[in-house]
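Take a look at the structure set out below.
We call the chains A, B, C, D, E and F, going by the order they appear; numbering starts again at 1 in every chain.
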Amino acid sequence: MLPSRQPVQPATPVSAMRLLTDRELSPEAAAIFADIRATRKTEYVNNFWRALAHDPAALKRTWESIKQIMAPGALDAKTKELIYIAVSVATGCDYCIASHTASARAKGMNEAEYLELVSVIGMASETNRLATALQVPVDEVFLIVNEAGR
Amino acid sequence: MLPSRQPVQPATPVSAMRLLTDRELSPEAAAIFADIRATRKTEYVNNFWRALAHDPAALKRTWESIKQIMAPGALDAKTKELIYIAVSVATGCDYCIASHTASARAKGMNEAEYLELVSVIGMASETNRLATALQVPVDEVFLIVNEAGR
Amino acid sequence: MLPSRQPVQPATPVSAMRLLTDRELSPEAAAIFADIRATRKTEYVNNFWRALAHDPAALKRTWESIKQIMAPGALDAKTKELIYIAVSVATGCDYCIASHTASARAKGMNEAEYLELVSVIGMASETNRLATALQVPVDEVFLIVNEAGR
Amino acid sequence: MLPSRQPVQPATPVSAMRLLTDRELSPEAAAIFADIRATRKTEYVNNFWRALAHDPAALKRTWESIKQIMAPGALDAKTKELIYIAVSVATGCDYCIASHTASARAKGMNEAEYLELVSVIGMASETNRLATALQVPVDEVFLIVNEAGR
Amino acid sequence: MLPSRQPVQPATPVSAMRLLTDRELSPEAAAIFADIRATRKTEYVNNFWRALAHDPAALKRTWESIKQIMAPGALDAKTKELIYIAVSVATGCDYCIASHTASARAKGMNEAEYLELVSVIGMASETNRLATALQVPVDEVFLIVNEAGR
Amino acid sequence: MLPSRQPVQPATPVSAMRLLTDRELSPEAAAIFADIRATRKTEYVNNFWRALAHDPAALKRTWESIKQIMAPGALDAKTKELIYIAVSVATGCDYCIASHTASARAKGMNEAEYLELVSVIGMASETNRLATALQVPVDEVFLIVNEAGR
């Protein structure tokens, strides 16, 4: 069973940019927050957007890109979250791991899937370093010819 | 359409460990190569295993772990390859990107899926750095209580 | 003096996605290429865009973001390129280092500036690891209070 | 406006090496602390140096290098701090992000500059991964000929 | 002198997976915990294993690999811990830095060795980035010939 | 047995900075090259220094630091090279892996030691990511009390 997500009292939140409350938003930022709420069907807007809201252009650009990219397409939304978590673990972004693990659960990731995800991330990380350490040359059969286009 | 994988003449292969030919394998390594061929239903054994074969214990351990982890389970084999590619891109392992992109194609990844994978990796990388730069504190609702177990 | 950038015969270009020539572009991708040429005032479109052109939506999104972000603003265009190079070195993206070093030169980076850039990147990388290895706690004076906003 | 830097009560400071107080310094370390105070025109010596002070030779080497590299030269001191932050975000060093964001502010970085810095870091991180994922070959025009020197 | 390791009251432990107590372990996980205790000659099982215990197959695979790899062989156990710390610092894994610094001490690492380890990690990180920034080509004398084996 | 290091014809050397030949060195750089040759007891100066020689101050600073740090001390010279390789693999610096693998061999690293080094790097990389993915909290027993010094 997946652990219940009981809220705890975290350490005093500290960030490089103060998190903006709703009433501090510029009109442009407020419009993006409204879209986040409508798209996600929840009143809760997480801290990432509250930090980014200091820069309404960046907020708009990032939200519109993520909305477009994370929507179901050739890959379903849950698979995209698994990929997102994999990147976040490899980058070492604790915030992103926490928020996208929550998103993946909300999109249906169950405990068995989560545990396999973790194992694949670990395995890939090990073989990544082995291949790098051994400086293994890429096999010819994996390559693609290209004439530099013009 | 996915690019055809026409073999090209690569730069002279160079590695930290010389790639072993089949006739140079120790009996233990040869047994693993036989299992790789049987499991993957192909005579081709890629360079990664030929470099690792200098250390039969590492070869055996790595192959058995990867065989166990990458087999279809709660997640299907193609999804696992997508996760593998995501980690490899984030780590910057060119060998692993090339070999697992080939594996993912062999397991059914089509061009549209590949392109969405790349976009998710790019998007996650951007927001990873934004969250890190802004030092965004994790939202309480994403946390899990723990009493340090004994 | 900055080294002259004499073109050489590189290894056969190889990529995960074949580079698209102009005549292979979709209408949407062709429109973006036209904007790249107009904005940069050059006929030359570099390989990054030719690989990305397989996905016109990604091409459009990435180009429009980069055009917006890299334009002179509070920071001038050359300073933005220095920051871009710093990130690319820390990520280990050889393509990005090569292309943005060329961009930075085109925007006025001279040799002395380039050499200082390299030294700052090296120094930061060293102290990054020292601080991480020693697990140095952040000084109180560097922190910002936040009440999780709502 | 930049958030005010009100000190908060942080979690109990924890590090791999206990932070040294002034009266615990060796004479060599004390001399370096005196130079840090004189150079920076402040009594405050931040935790990084207090952890490093266990190794007076490393303290001296690191301080002298950083003093030399971060001094205004072809690049001004503020630009150097922006580059430093970019590397620190890409490395994922929270301590370094916090301390050099403070330094950059002290050297005149305003909020608009900070926000653009964050956007450039994010954009570069995304395109770094896209170029790596797509294995884009470096354009000939970006290369430099070299005869291996002797 | 190495700092004494006095236990402190840490922030409320928070993890993506709740840490399992001994009485929550599956029989397979309990058997691994028994082997960890017997091998390490201590009752204490650290949090890493308590998080991993949700997946008994991963717990078994990881423990058996680490037991095999970290045992004294051509390299002694302390040297292996130094290498482990170096990788953990370069990856930016705070948990791993803390736990393997403790392991290295337990296996005899003294303060002078620890301080030299930290300096080597810092130096290597700096020159890594310098070589990457400058795109230094590998010297012929460092290369190894390979005929792609079959 | 370690693979023989037969020189091969590499791809045309390409770097961001042209490699300097001996007769292009400034007097300051020439003095450092003389010290490199005297210290290492070989006429051969590898490409890293030839690229860095464009900036004599950086050349001098880097060489003097590396000479000090890599000399035998509490840790012997070979162990320091193993740590250097581990960092270089984790950073993904191909130049550094090649050059320091050669250095480690020259200082006595045998094949069995090399193979164990590679396995430890791989194992650490895997558990690093597992601990990060699972967001394992640091055990109290691994922490150190600190009063922020003054």
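Assume contacts are C-beta pairs under 8 Å (C-beta built on N, C-alpha and C of every residue); 3 or more make two chains touch, one makes a residue touch a chain.
Nothing here was measured: the structure is a model prediction, and the numbers come from that model.
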item	value
Joint neighbours of chain C and chain B, given as chain labels	A, D, E, F
Between A-F and B-F, the pair with more C-beta contacts	A-F
Chain separated most widely from chain C, comparing mean CA positions	E
Same-interface partner of C-F, chosen from the options D-F, C-D or B-C, over half of the pairs matching	B-C
Chain A and chain D, separation of their C-alpha mean positions in angstrom	26
Whole-Å separation of chain centres (CA-atom averages), chain A against chain C	21
Rounded Å distance, chain B centre to chain D centre (Cα mean)	34
Multi-partner residues of chain D (at least 2 other chains)	3, 8-19, 47, 58, 62, 65, 87, 89-94, 97-98, 101, 115, 117-119, 121-123, 125-130, 132-135, 137-140, 143-146, 148
Complex interface listing, chain F residues touching chain D	12-22, 24, 47, 50, 57, 61, 65, 68, 143-150
Of chain D, residues touching chain C in the complex	3-11, 13-17, 19, 44, 46-48, 51-52, 58, 62, 65-66, 69-70, 73-75, 79-80, 82-84, 86-91, 93-96, 98-102, 110, 112-113, 115-117, 119-121, 123-145
Residue ranges of chain E in contact with chain A within the complex	11-12, 14, 16-18, 54-55, 58, 62, 87, 91-93, 146, 148
Footprint of chain C on chain E - complex, ascending	85, 89-90, 92, 94, 97-98, 117-118, 121-123, 125-130, 132-135
In the complex with chain E, residue positions of chain A that touch it	3, 8-11, 92, 97-98, 101, 111, 115, 118-119, 122, 129, 137, 139-140
